[in-house]
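These are the structures, in structure tokens.
One chain, chain A, links the two complexes that follow: it is found with chain B in the first and with chain C in the second.
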Partner chain A sequence: MRTLKFILQKEFRQIFRDPAIIRMIFLLPVIQLIILPMAADYEIKNIQLAVADHDHSTYSRQLINKITASGYFKLVDYGNSYRQSFGEIEKDRADLILEIPQQFEKQLVREDASTLFIAVNAINGVKGGLGSAYLRSIIQDYNREVRMQWIQFPKFSPEPTIEITSSNWFNPLMNYKFFMVPGILVLLLTMIGVNLTAINIVREKEIGTIEQINVTPIKKYHFILGKLIPFWILGLVVMTLGFVVARVVYGIIPVGSFATIYIFAAVYLLAVLGLGLLISTYAATQQQSMLISFFIMMIFILMGGLYTSIDSMPEWAQWITRFNPVSYFIEVMRMVVLKGSGLADIKQQLLIISGFAVVLNAWAIYSYRKRS
Partner chain B sequence: MGNEKVITAEQLTKRFGDFVAVDAISFEVSKGEIFGFLGANGAGKTTAMRMLCGLSLPTSGKATVAGFDVFKQNESIKKKIGYMSQKFSLYEDLTVKENIRFYGGIYGKSDSFIKEKTEKLLQQLHLTNEANALVRSLPLGWKQKLAFSVAIFHEPDIVFLDEPTGGVDPVTRREFWNMIYEASARGITVFVTTHYLDEAEYCNRVSIMVDGKIEALDTPAKLKEQYHAESMDEVFLQLARKATRSDG
Partner chain C sequence: MKQFISFIRKEFYHIFRDRKTMLILLVMPIVQIVIFGFALTNEVKNSKFSVLDNAHDAASAALIQQLDASQYFELQSNLHSYNDISEAFKKGTIKLAVVIPEHFSDDLEHQNKAQVQLVADASDPNVANTLVNYAGAVILDYQDRITQDKKLPYTINTEIRMLYNPQLKGAYNFVPGVMAMVLLLVCTMMTAITIVKEKEMGTMEIMLVSPLKPLLIIIAKAIPYLLLSIVNIISILLLSVFVLDVPINGSIVLLMSESILFTIVSLSLGLLISTGASSQQTAMFISLVGMFLPTVMFSGFMFPVENMPKPLQIISNIVPAKWYYIIVRSVMIKGVGIEAVWKETLVLFGMMLFFLGMAFKQFKIRLA
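This part shows the complex of A and B:
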């Protein structure tokens, strides 16, 4: 214990003496939490629309007005030839073309039916897909309005219609920030945990002080605990800061208890720091360790369920996410912050993450050698 | 100098794949002795020393340090030795005092021991005014003297010094060797590798390594006699010219 006290004293002194680390720990997460959720928006806006209007009627103009008034579309080109509109897509200035045929108004009024054509620039698949879906629903809406105007409905509609109403549970306004902020906080915590631990130890390797440590009677677990404890505490501090930002900037107050989150985070940080430790035992230089952790973080982020839903991944990819600690914490964060889940509800995730913590740290201790 | 042997090595060997870094070296070092370990770059000095310190596992042979076996009791050895590596290895972002306290602490020394000895040490090194300065800010010569003092702070039986005076000016080197003599007089065995052949003259006994083997081992006076040489420089050159390994 006394040995550990001396090691901890040294580690804390070094951390607080390094302004770069202090900035990385306290300033970066706050800035990122303020900026990222605003920018990383799920909703597709500013869809560039080119219209080829062959009709130039009141109805066609009404329809276009309705589309642009929705706020999702920007009318970048309005003309009367499809070829001209397609030119806009080719120059990547338009995402969608809406072609309104000649006689659009006439057909609609007289024949009760007309056809519109939508062409999608599918290079950005998500934008194209969502854009055409939005456009479709606006057109349908418009269609209904027109029918209301023109057709006298009989008392009983000849065609049965089903009206769908929905209600959004747990995030009633579907505010994506409630969904993103806790997730981004998890990513930040992971990144800081892995990198700081890995770099810290590898730096001692580079400078040569680790050899001096290895020639002392310090026990392996003393050394490793000495590295883990400070970053574990700092990790919890960063998370606290994150929740302060979430509350002040986004008004997010967890529905569940903070105790549940902190208990999970405490175990989660052990797992993440263990990973950092493990990287440090394999990397000889800071560049190597940065590269390895960068590679791992890419997978963690993209397969963590924050930017892409795990449920819609192929089976094999879902299987990979089960080895991604980030995915469990994001899940838990959402359960506790949005649904108010308690310790009993996250029991399974807690158990799995404890497994991660044990395996990663045991592996790191095993592969850390005082003697080569 | 007693007859008690604190280091014994018998056919001690270290291989890295096909490369034999240290080739079956055998020697003994007595308590309180200043034992010089000479050799060109790449001769295997550092590897040999790292095996004795428990930093590197020998491939074959036998060795004991402070009565402990280097294969099995390497962690027990570590309580009894001090080590100063080629690379400067104090923490540059800690102060002089903090470094001393840290190394004293991890060797299990009591607070009162650390406090008293730190005061004494700072006076000896004339560092009292720099006690709270970051080690980074000290000149190299001072750093090396401090590193040596830290290496023997916990009063080890043996101290291993790996080219301790590299890049240090002649005056500081002289002072450094005075510190080595003092330590030796207190009964600490000194095992030192060096490039400087004038320093070899200060040693009680000297071994000269060429291509992983010990080619010569005796007191400086006897070596000079044996090789009909005026100085250790000549002795060394006669032996080192036989080397076939390239520098490195």
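This part shows the complex of A and C:
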């Protein structure tokens, strides 16, 4: 116990002696947490529309007015050649082309039917798909208006329409920040945890101070615990800071209890720090340990379920995510913060994370050699 | 010149002697591109949904069948009451519930008006939004089919063409994005610790007393890494063409030169971090914790930049990966030439000069 106290003293002193790193541990997450969530909006708006109007009729003008009035579309180019509009797409100034053929109005009136052409930049498939769907529904609306002008309708509308109403549970205002802020906090916490510990032991190796520790009677688990505890405390402080930012800047108050989140976070941090230490015991230089932790972080973060849905990944990738602690914490955050789940609901995730924590730390203690 | 070359030789020895690190540097980008190229898609596929069917008639059955048949949705066992919905959401078994009211067919046939309610689990609002829109589109399709049978007058048809990516593959969007990310971060990290490492180890002093100019010392540090990065670019491009089926529609020479330019920008950024940092740890912290998330979020492949609030759109301009992502998308997938991306190229060029200039300015030739 006494040994541990001295090691802790040494570690804390070492951390606080480097003001640059201390500043970064606290400042980087706070700044990122304030700025980044605002960027994370998948909702498609401001779709840039180029119109190639070969008709120049009342109808074509009415239609374009209706489209721009919808608020989803921004008319960036209005011309009369498809070539020109396509040029706008090539230069990335337009996402969508609406081509109105010659005689559009005449055909519609005389022949009862007319066709519009839509071309979508589909490199981002979702954006393309949603954009064209919006445009189509506006055109259908307009179609209905045109019919109303020409036909005296009987009592009921002649075309069968299905009215769609939708409601969004747990987050009725569809505020994506409620989802993103806790998620980004998890990512930041993970990065800080892994990064700080991943470098720590290997740094002592590189500088040579590890030799001095190796010749002392310090036990292996003392050493690992001494590295773990300071960063564990720092991690919890950073998380608290994060929740303060979430509260003050975004007004996010978890529906569930903070106690549940902190219990999970406490175990989660142990797992993440254990992973960092494990990397550190294997790496020979700080550069190596940084590259390995970058590699692991990138997989953890991009496949954590925050940015893209895990359900739409292929089978083998979903299998990988089962070994990804980040995906469990993000799930738990979502459950507790938005749905108000309690400890009983997150039992399974808590068990799995505890498993990670035990295995990773035990492995780190095992692979730390006092002899080189 | 001879001194310069021997300096570069020294740096090469440094890197090639550390086999393990070199292996990591060369293999890591390959693994990342393959994993993310296949696994990442912001497309919502096979989302689990259920139906609370109060009608149980021909039209409702047809509608459910149409939803299930689309690639977006996967039907789960039916719900029996409104309460089942919240339970299913809490357990996470479904993400969308479709509520069909009684007399759905009747309403549709005789009054020509029927209602469908979509209930989404909006704890992930982005997914919920997409699902509601997709379900809406499928229902609209179904409605169109009935309408067509009835031959209404004054019908505007629409024909939709998906340019560049007719199958709507996620890889077309994510491969350029991941390329930008991997190259930027790996290159930055490579150089970020080089100079500060020499400072920490004390070997910096030896370098400073050499007759070589400071600027050349800095550049000599970056050149071996530039060669490594070129190997990485080639392997990434080969993988995306032959493994991920993402074509190179434009000129390969242009794509290569743009990639090399971007690599130099990233290496210079790393040098800048390295000359400013006090320890390797600080350098790593800046290049990983400080740059990772901003690169993911502002480069535009995850979240379209034009969706962001104005101030954030302005901030996004300082992220080099954003410009490179636009260039790769344009050259690789749209197949356009330099005339469409000269502006982005200029921005990258400017960034390179800025980073190198700042790195040089910060580089102290006296030890504190």
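Basically, the second predicted complex is superposed on the first by the 333 of 372 C-alpha atoms of A that agree within 3 Å, B and C clash if a C-alpha of one lies under 4 Å from a C-alpha of the other, contacts with A are read in each partner's own complex, and residues count from 1 in each chain.
What we mean here is this: a contact is a pair of C-beta atoms (placed from the backbone, for glycine too) under 8 Å apart; a residue touches a chain by one contact, two chains touch by 3 or more.
Everything quoted here is computed from the prediction, not taken from an experiment.
Contact with neither chain B nor chain C is seen for A:228 once the two complexes are overlaid on the shared chain. Legend: residue contacts after superposition of the two complexes on their common chain; A:67 is shown touching neither chain B nor chain C. Contacts of A:290 after superposition: chain C is touched, whereas chain B is not reached. Of the two partner chains placed around the shared chain by superposition, chain C is the only one that A:120 touches, whereas chain B remains out of contact. Look at A:14: by the touch rule set out above, it reaches chain B but stays clear of chain C. Set against each other, chain B and chain C touch different numbers of residues in chain A, with C touching more. Of the two partner chains placed by superposition, A:269 touches none, neither chain B nor chain C.
Shared interface residues of chain A, touching chain B in one complex and chain C in the other, are 18, 207.
Against chain C, the residues of chain A that register as touching in their complex are 18, 20-21, 24-25, 28-29, 32, 35-36, 38-46, 48, 89-92, 108-109, 112-130, 132-133, 135-137, 139-140, 142-143, 146-147, 150-151, 156-172, 174-176, 178-179, 184, 187-188, 191-192, 195-196, 199, 203, 207, 284-288, 290-295, 297-299, 301-303, 307-309, 311-314, 317, 320, 334-335, 338-339, 341, 345.
Looking at the complex, you find that chain C touches chain A at residues 18, 20-21, 24-25, 28, 31-32, 35-36, 38-48, 85-86, 89-90, 95, 108-109, 111-130, 132-137, 139-140, 142-143, 146-147, 150, 152-166, 168-170, 172-173, 181-182, 185-186, 189, 193, 197, 200, 277-282, 284-286, 288-290, 292-294, 296-298, 301-304, 306-309, 312, 315-316, 326, 329-330, 333-334, 336, 340.
Contact residues on chain B toward chain A in their complex (touch as defined above): 53-57, 74-75, 78-79, 81, 83, 85, 87-94, 98, 101-103, 105-108. Chain A contributes residues 2-3, 5-7, 9-10, 13-14, 17-18, 207-209, 211-218, 370-372 to its touches with chain B in the complex.
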